[in-house]
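This report concerns only the one structure given below.
All chains are identified by letter, namely A, B and C, in their written order; residue positions are counted from 1 within each chain.
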Amino acid sequence: MKGRQLAGPAESRPTRPTPFERLWSDQDDSRLTGDPSLVVDVAGFEGPLDLLLHLARGQKVDLSRISILALAEQYLAFVDKARALRLELAADYLVMAAWLAFLKSKLLIPKQPGDDGETGEELAAVLQFRLKRLEAMREAASRLVNRNRLGREVFSRGMPELVVVDRRNTYTASLYDLLHAYATQRQRQAASNVQIAQRSVWSLKEARDILTRMVGEMKDWTALDHFLLRYLVSPTERVSAIASAFAASLELVREGQIEIRQDKPFAPIYMRGGHRTDREEGSA
Amino acid sequence: MNNGPKSVVVPFPKEGDGQGLSNPIDRMQVMETVRMVEAIIFASAEPVSERQLAERLPVGADLRTALEELQAIYARRGVNLVRIADSWAFRTAGDLTYVMNRDAVQQKKLSRAALEVLAIIAYHQPVTRAEIEDIRGVETSKGTLDTLLETEWVRMRGRRKTPGRPITYGTTEKFLDHFGLEEVRDLPGVEELKGAGLLSTRMPSNFSIPLPPSDPDELTEDEDPFSDIDLEELGLLTPRVTED
Amino acid sequence: MNNGPKSVVVPFPKEGDGQGLSNPIDRMQVMETVRMVEAIIFASAEPVSERQLAERLPVGADLRTALEELQAIYARRGVNLVRIADSWAFRTAGDLTYVMNRDAVQQKKLSRAALEVLAIIAYHQPVTRAEIEDIRGVETSKGTLDTLLETEWVRMRGRRKTPGRPITYGTTEKFLDHFGLEEVRDLPGVEELKGAGLLSTRMPSNFSIPLPPSDPDELTEDEDPFSDIDLEELGLLTPRVTED
């Protein structure tokens, strides 16, 4: 595949220079220098997993033999540096940071008796699986586009003599045409009172998405908000974030997607994925 | 050009045997040139002149022999290689035009207006013409609705139980069939349209789109079925076949 | 798909000799059906479905045999008969690219993100947007799916029968045609990926768990030992009640 000309997380504005460029060594195309101080251009990445994959390749070993711990630390170091430079990182990157911090803690602390959750190694395997899967899809994409393609290497009849049509369909339109027509006109009519979305608070939906993405990964009790708050929220947004995250978690509980637990009032709230197997309540 | 008599089958020629090329290397080169010429003429949007062909072939390729060979190969086929002035093109064999012309219907694209109205009918059914106009903010021409009825993707369902008893419109089985939907409810909702990038993520919070009925064939409470007189007036009954 | 070896010329097959049809009348009928099928498919730039072909052939014509015959006849030609799902089309041979590329039309380039999403949809179909996002670990930006739907390589297939009934995406016949695939099963490497468990949404139970480092207690070069503050920040000590 050709170079990564597109901006990563905010690809809708590909040309606009992003502040991430300050993390970018102006050396040519290589986004990661040999310098361990980690110089990365986030703008060139398609999200945190892509960034991780790139860092993993830097370890120059097969993905199955990679040090996940080293990878997590590299990533966290990068996030810390970005924060030190007061750069705004997209929420996806911070969610990943929170998760990696959690993973790191699991990898470093020996498993406690009575902790029936996944081991750090199991969580690391999940991450490894996701990296491998993404890499596989990326390779698949490049194999796909490098095939002989119609209109580029292979051609159809240039001078068709007729269109063989279904007698039943004299008219053509695709579902895309239909939906496009609908969305466009409804939007046009609604245009008069479109509001600009404000991002200073976490919406319920945002919180929900983030929680789903994180909790989906872990099966044991975790005080997630602790990690989330550390990486995701500025002090001024804290209250709103806690409120939204809590409301969203209740909603997820109701749908059976997660379970939550609080040992006593004002104690940290623990959550875990709700697709329970035959596992008993954890006895922490 | 020799089209041969109708429906008489003649075995295909054995592809240039005995063209006097005894050397197998020469023979292979000719056949490779034939393949190139075949592909170029096939893909071209208009007849290709010999000069154009020569330009695209490798130096030293024998264009004349290749064309003769190709013409011989296709002489008895369903498609023939024909010469038009100094240019070459493939054409359906003359005796097969009857296979082609049968119901070769002109396929038409729906106009933007028709698409818009169709989409509104799909999402908002049962819906009256006035309601469609209200949603679109423009008047809908009679022709647009007629076109949609002609596609057989849209049908008149009945009459709304309101003053004036306006006709309600809805989609048909053929609509689902054409657009690959199992049911009308499979049409994407607001969040999904946003997710697919079809709808702006910054729509006002009171923006909503209706959930189409689960069974579009059933009349809703505020709809009346058509009466016989309605059917006749709307031309939905073909010249009365006095029944009963 | 069989693109054939580069520039190797093999004599054209002798058109179905020895296909086991000893009766010359049967043989003639087959060859006439072959001509019709050839003419119909050749005339169209778009793939023609088997149903459409059958509708145009005389009653009793053996479409399947004719298609096989025709595919064999064109196997080594400059133009090949290719199958795309349930449809058939003539396409220039893959090894003739170098004479053909002059015809190439400038195509809209897909972004890296769009390509990745396309591959995920192709290999994981039917797949929901949430699943695409899980695989990529990032929200699909507005416009990516939109672009893919617009190319008509991707379509909304239906809804997953799970709570919330999310819309599922899949590829189209146009996708197969564009990338020269007979069917989705022919995607490059799809079997290996499936075997490696890389086409599943969840980590398969047999997925190898990484070996712990040889001496897990030893810090690697790029690691620092933890300080107490680190431990606290990481939530490894019970969270502090007073906030900073």
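Convention: a contact is a pair of C-beta atoms (placed from the backbone, for glycine too) under 8 Å apart; a residue touches a chain by one contact, two chains touch by 3 or more.
For each chain, UniProt lists the protein as follows: A = Segregation and condensation protein A; B, C = SMC-Scp complex subunit ScpB.
Keep in mind that this is a model prediction, so the values were computed, not measured.
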Taking each chain's C-alpha mean as its centre, the one farthest from subunit A: B
Chain at the geometric heart of the assembly (C-alpha centres): C
Which of A-C and A-B has more C-beta pairs touching across its chains: A-C
Mean-CA-position distance for subunit C (SMC-Scp complex subunit ScpB) and subunit A (Å): 25
Inter-chain centre distance, subunit A versus subunit B (SMC-Scp complex subunit ScpB) - centres from mean C-alpha coordinates, in Å: 40
Contacts with two or more other chains, residues of subunit A listed in rising order: 155-158, 161-164, 167, 174-175, 179-180
Junction residues of subunit B (SMC-Scp complex subunit ScpB), two or more chains touched: 39, 42-44, 90, 92, 100, 180-181, 188, 196, 198, 201
Complex contacts: residues of subunit B (SMC-Scp complex subunit ScpB) adjacent to subunit C (SMC-Scp complex subunit ScpB): 7, 9, 11-12, 14-15, 28, 31-32, 34-40, 42-44, 56-57, 73, 77-79, 90, 92-93, 96, 99-100, 102, 180-182, 186, 188, 192, 194-198, 201
Touching residues on subunit C (SMC-Scp complex subunit ScpB), where the partner in the complex is subunit A: 3, 40, 42-46, 48, 52, 55-56, 89-94, 97, 100-101, 103-105, 107, 110-113, 115-116, 118-120, 122-123, 133-139, 141-144, 149-150, 152, 155-156, 163, 177-180, 187-189, 193, 196-198, 203, 207-213, 220, 222-223, 226, 233-236, 239, 241
Interface residues, subunit A side, partner subunit C (SMC-Scp complex subunit ScpB) - complex: 1, 4-6, 8-12, 36, 46-50, 52, 64-70, 73-74, 92, 96, 101-102, 104-105, 108-109, 121-122, 124-126, 128-130, 132-134, 136-145, 147-158, 160-164, 166-167, 174-176, 179-180, 209, 213, 216, 223, 226-227, 230, 255, 266, 268
Residue ranges of subunit A in contact with subunit B (SMC-Scp complex subunit ScpB) within the complex: 155-159, 161-165, 167-175, 177-190, 193-197
Of subunit B (SMC-Scp complex subunit ScpB), residues touching subunit A in the complex: 39, 42-47, 89-92, 100, 103-110, 112, 115-116, 118-120, 122-123, 135-137, 147, 150-151, 153, 174, 178-181, 187-188, 193, 196, 198-205, 207, 209
